[in-house]
Amino acid sequence: MPLVELHLLQGYGAEEKRRLGEALTDAVRLVVPADPGAITIMIREMASDQYMRGRRSRSGAVALPDPREVVRGYLGAMERRDLAAAQASLAPGFAMQFPGAPEMTTLDELIDWSKPRYKFVTKTYERFDAMQSEGAAAIVYCFGTLSGEWLDGVEFSGIRFIDRFELEGGKITRQDVWNDMAEVRAKA
Amino acid sequence: MPLVELHLLQGYGAEEKRRLGEALTDAVRLVVPADPGAITIMIREMASDQYMRGRRSRSGAVALPDPREVVRGYLGAMERRDLAAAQASLAPGFAMQFPGAPEMTTLDELIDWSKPRYKFVTKTYERFDAMQSEGAAAIVYCFGTLSGEWLDGVEFSGIRFIDRFELEGGKITRQDVWNDMAEVRAKA
Amino acid sequence: MPLVELHLLQGYGAEEKRRLGEALTDAVRLVVPADPGAITIMIREMASDQYMRGRRSRSGAVALPDPREVVRGYLGAMERRDLAAAQASLAPGFAMQFPGAPEMTTLDELIDWSKPRYKFVTKTYERFDAMQSEGAAAIVYCFGTLSGEWLDGVEFSGIRFIDRFELEGGKITRQDVWNDMAEVRAKA
Amino acid sequence: MPLVELHLLQGYGAEEKRRLGEALTDAVRLVVPADPGAITIMIREMASDQYMRGRRSRSGAVALPDPREVVRGYLGAMERRDLAAAQASLAPGFAMQFPGAPEMTTLDELIDWSKPRYKFVTKTYERFDAMQSEGAAAIVYCFGTLSGEWLDGVEFSGIRFIDRFELEGGKITRQDVWNDMAEVRAKA
Amino acid sequence: MPLVELHLLQGYGAEEKRRLGEALTDAVRLVVPADPGAITIMIREMASDQYMRGRRSRSGAVALPDPREVVRGYLGAMERRDLAAAQASLAPGFAMQFPGAPEMTTLDELIDWSKPRYKFVTKTYERFDAMQSEGAAAIVYCFGTLSGEWLDGVEFSGIRFIDRFELEGGKITRQDVWNDMAEVRAKA
Amino acid sequence: MPLVELHLLQGYGAEEKRRLGEALTDAVRLVVPADPGAITIMIREMASDQYMRGRRSRSGAVALPDPREVVRGYLGAMERRDLAAAQASLAPGFAMQFPGAPEMTTLDELIDWSKPRYKFVTKTYERFDAMQSEGAAAIVYCFGTLSGEWLDGVEFSGIRFIDRFELEGGKITRQDVWNDMAEVRAKA
C-alpha cells in the first residue's frame, strides 16, 4: 500500500513505462511516507479497440522525451559549441536569464554576451531534478560546479551554479541561471 | 486516458487526497502529453480490515506535510527572525550552503555570517516547485527576488535568488542558496 | 462473464443504480448472448474527494428521470385532459406528427385537430421500450390498442397504435404516432 | 465519469467491441446526463485460462449479429422479393402483424395478402433504433416512408410507416407494422 | 505480487474478512513461492444496490463458521461427555470410522464401542489444518497425542492420533480416526 | 459473487493458472457458502515492464510443483523401491514418523525397519488433500488402504492408512504415517 494502477493505451515502450512507474511512485511518496517496497505500480494497457471515450475509440498521444535528456543534450551541445544541435532543443519564443545579463532570446546573443566574461566554461553536474508543473510545462533543475578559464588565462573551478529549465512538448522554452561567478571574481 | 487508480488505506483527508491526485496527474503528464481533461484519478480507499499484506492487516502511514508549506513556514520564520520557529522545521544534521559562505549547520552561524553583509533581506517569491526525489528526500525549489538594505543603509531590490531544499519526514535536511548579490554589489 | 464495473460519483439513489444496472446488462446482451445469471454488474462509487479529472475534483450530474415514466405521465395527463400537467413534460420546440395530420407544435392544436375525429380515446399499453440514442436524445416507444368513441357515439376498441417519443434533459421534444384508425374507419 | 470497465473473454472482434462500447455508453447516458467526452469504456479481455467460474474455465459465447443488420438484410430481401434470403432471417415460430391483416406466419401469406393492395412498395428509412429487451429478445424499430404503385398504376410516396421487430439468437421472431396507407387511401 | 482483489457483498465481519484474507494468501502461496510481504489482499465491498447478477440485486450468503472451531467445539464436548452439545455439531447422515470399529453413525454407538476399550481419553492437539475440498465439503485434520486410562486403571499417554473431519454447511458429516492404540497395546 | 481478481506477473502456464484458480475458489468457499457457479476468478497478467514495486520492475518467482504430484511421485517411487527417485523428492533435514517406529531420517532406515514387518505393501489411495500452511510449508494428506503380504506369506488388504506430508520449495520435509496395521495384526 499504496497501489497505483495506471490504465494506458498501448504504444508506450518499456522505457516510457519505467519513467511513468518511477514518476507515479515518487508522486505517492511526496504525500505518503510508505515503505518503498510496499509501493506498487501496475500498468494496464489497452489496444485502441478496447478503449472508447465519448463513443469514439482513441489513440494514445506520443510520449514526451525525458526532459532531463533534452536538457542534457542541450547543455552538451552548448558546451561543445554545436549551436545547431543546441538550437534544435529550443522552442519558438525561448528566453534565457543569466546573472547580470539582460534577458536574451538567441544563442548568438548568449555567445556574444559571454565573450568578454570567460574563455570557456565546463559544467560538472551534481544532480538533475525533473518534475511536471501544474500546467503544460515540464521543469528541470540541474546544479553542480563550473570550471573553465577566465579571459586572462587563469583557470577556475568549483564555482557553484544552478540552471532551471521549462519545456513544453519536449522543447525548452526558458532557461534561468544562477551561479557564484561574481562572488568568486569579487574575491579574486 | 490515462486513468490512474490509487488504492489507499483509509485515513487520509480530502486535502491529502487532493495533493495525491495532483501529484499523480502531474506524474503522468511528465511522460504522456494527454489532454488534461482526459487524465482521471480515482482513489479507492480500504478500511484496515479490507487490506492484508503478508497475512497481516495494516494501517496507513500518517501523511507527510506539504513540503512547500514546510519551506514557506521556515522562510517566513527566518524573515521575521523567529529562530525558534525556524529551528522547529529543521531535521538533525541540517546543513546549508550560501554563496561565498562555508557550509553552515546552525541558524546562529547564518545570522553571524550575514551580519557584515546586509541589514536585512526580504524575499518575494515567484514560484515554489516541489517534487519527490527517487529516495526518501522531498525537494523544494523556490525563486524570486530579494530586497532589503545594505549595511550602509542603501536599499536594494530585484536581486534574483533561488533556494533548494531537501526534506525528510517533513523536516528540512538541507538548504542550498544561489543569488545575484555579488553580481549586484560588483556593479554597484 | 461478462462483468461490468461501473465507476460512478456518489449521489445516485438505489433506484437510479437499478436503472443503470439494468441498462448495462441489456447493453451487453445486445451483443453477447450470455446466460443472464452470468452477467454481473458492480457499481463502484466515489466521493468527490476520491475523483479528479484534469486536476479538478468533480460532482456527478443529477440523474435523468426514467423516460418511460415521463412519457407515461404525459400520456396519462393527456388522457384525462390535464393539459397543464401534459405541457410540463414538453421541451421548448416540441413537435408532434399524427397520421394524416400536419406537424403540430402545441397541445391546443392537437385538441382542435382531434375534435372532428373522435369524442375521446383511451390507450391500453402492451409495452414501453426505452433506449438512448447515440446522441443526447432518449427514445421511448409504446404501443397497444386504442378504445373510445367516434363522434357518432359508436364505440371502438382494439385499434392498434404505436407512439415514438424523443426526450432531452427529461423533457419530450418530439412525438410520432401511427395507428390503424383510418384502416378501421375504412372498413366500417 | 462515469467509467465503464467491461471484462470479457477473448474472441470478440473490433466491430463487436465497438458495438459493446457504444451500447454501454448509451446505457449510461440513459440515466446520467454526463458530458459525452467524459464517458469512458475500457474493455478488459481474458484468455480462457485467465477465467474460471464455478472452478471451470469457460469460453465466450459467439457474438450475436447486429440486429439492425439482420433487419436491414431481411427488409432488403423482401423488397427485391428474394424470399429465400428473407426466410433465412426468420426464426421458427415467426409471426407478423400488418395493419388490417390477420396475424400471418409465412412470407407466402404476406405476399398473397398484399397482392390485392399494391403492386410494389419501396421503403425509405429515416432511422433504425435497436435495443435489448429485459429478456432474450432484441428489439429493432425502423421508420420512414413508403413509395410504390397502387394496383391501378398510380404511384404513391411519402407514406409514413414504422416497423417493430423482435429477434432471438439473431433471428427475427416477430414483425409488427403500422403505416398511413389507409389514411392516404381514404383521402385519395 | 501477486495481488488478490476480492469483490464481496457487504455484510461480512472483520473476523470473516480476516479468514478470507488468510485463505486467499495461502491459496496463492500453494502455487507461487512469493515473499509473504509481497502478497497483498484487497477486499472490495459492495452494498446490495451496487451489485446485480442476471438483472437482479443480490444479498450475500451468511458466512460459514470456521470449520476448525466447529471441530474444536465437537471434540471438547465429546471429551467432557456433553453429548447434546456434541450432537449439535453433527449433520444428518453423520458417519464415523474408528480403527478396528465398524462404521458408526451415532454418538451412543461410539460410547458403547469405546466402553470395553478404555476408561477415558484426552486429546492433546499439535495442530489443526483446515481446507475446502473441491466440492461442498470443508475438511479439517487435527492430530496430536492421546492420554487416558485403560480399563485396568493403567494410564497411557503420548499415543499418536489423527482425526479427519468433513463438514457441510458448518456441520460435521464425517469423522475418520487413526491412532496407535493397537500398536501400543500390542507392545504392552 | 464473490469475484476474485488475481494480479500476476506473466510467466505462469495454463496448468499453474488452473491450480491458482481452483485454490482461490476453494479459499473463498471455506468462508462463503456461495453457489459455485457464482464464484468467479479473473487472472490479470502483467509483463515485467508493467509492474514495479519499490521503483524496481520485478520478475515472477517460478511456480512450485503441485505438492500432490510431488507426494504421488515419492510414494510411487517408494512402492517400486526406486530409492534414488524417492530420495530426489526429499529436502535436506527430512524426517518421518511411522506407527511404533522411532523417528527416521533416511529411506534406508525405513527399509531396514520395515523388513521384519512385511514383505511388501501397496497403497490404494482414496483421496489426496493439499493445502498451504500459514507458513512456508505446503501440506498434503492422503489416505486409503494398504494391501500386501506379511512375512509369513499371508496376504492382507483393506488396512486403513493416512499419510501427512509437509513440503517446502517443492521438496518433502516431513512424513507422518498412521495406519491400522497393529489393529489388524492384533485381531489376526
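Lettered A, B, C, D, E and F in written order, each chain numbered from 1.
Convention: a residue touches a chain if its C-beta (ideal position, glycine included) is under 8 Å from a C-beta of that chain, and two chains touch if they have at least 3 such contacts.
All figures in this text were calculated on a predicted structure; none of them were measured in a lab.
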{"item": "Chains touching both subunit C and subunit E", "value": "B, F"}
{"item": "Partner chains that subunit B and subunit E have in common", "value": "A, C"}
{"item": "Numbering shared by both copies at the subunit F-subunit D contact, with half separating same from different", "value": "different"}
{"item": "Centre-to-centre distance between subunit F and subunit B (centres being mean Cα positions), rounded to whole Å", "value": "57"}
{"item": "Distance from the mean Cα position of subunit D to that of subunit C, given in whole angstrom", "value": "19"}
{"item": "Contacts with two or more other chains, residues of subunit E listed in rising order", "value": "1, 3, 7, 22, 26, 37-38, 40, 42, 44, 51, 53, 55, 134"}
{"item": "Which chain pairs touch, all of them", "value": "A-B, A-D, A-E, A-F, B-C, B-D, B-E, C-D, C-E, C-F, D-F, E-F"}
{"item": "Complex interface listing, subunit F residues touching subunit A", "value": "7, 44, 46, 49-55, 57"}
{"item": "Residues on subunit F engaged by subunit C in the complex (per definition of touch)", "value": "1, 3, 37-38, 40, 42"}
{"item": "Residues of subunit B that touch subunit A when the two form their complex", "value": "1-9, 12, 16, 19-20, 22-24, 26-34, 38, 51, 53, 58, 60-64, 67, 97, 99-100, 129-134, 136, 138-139, 141, 143, 160-162, 164, 169, 176, 178-187"}
{"item": "Touch list for subunit B against partner subunit C, complex", "value": "14, 17-18, 21-22, 25-26, 36-45"}
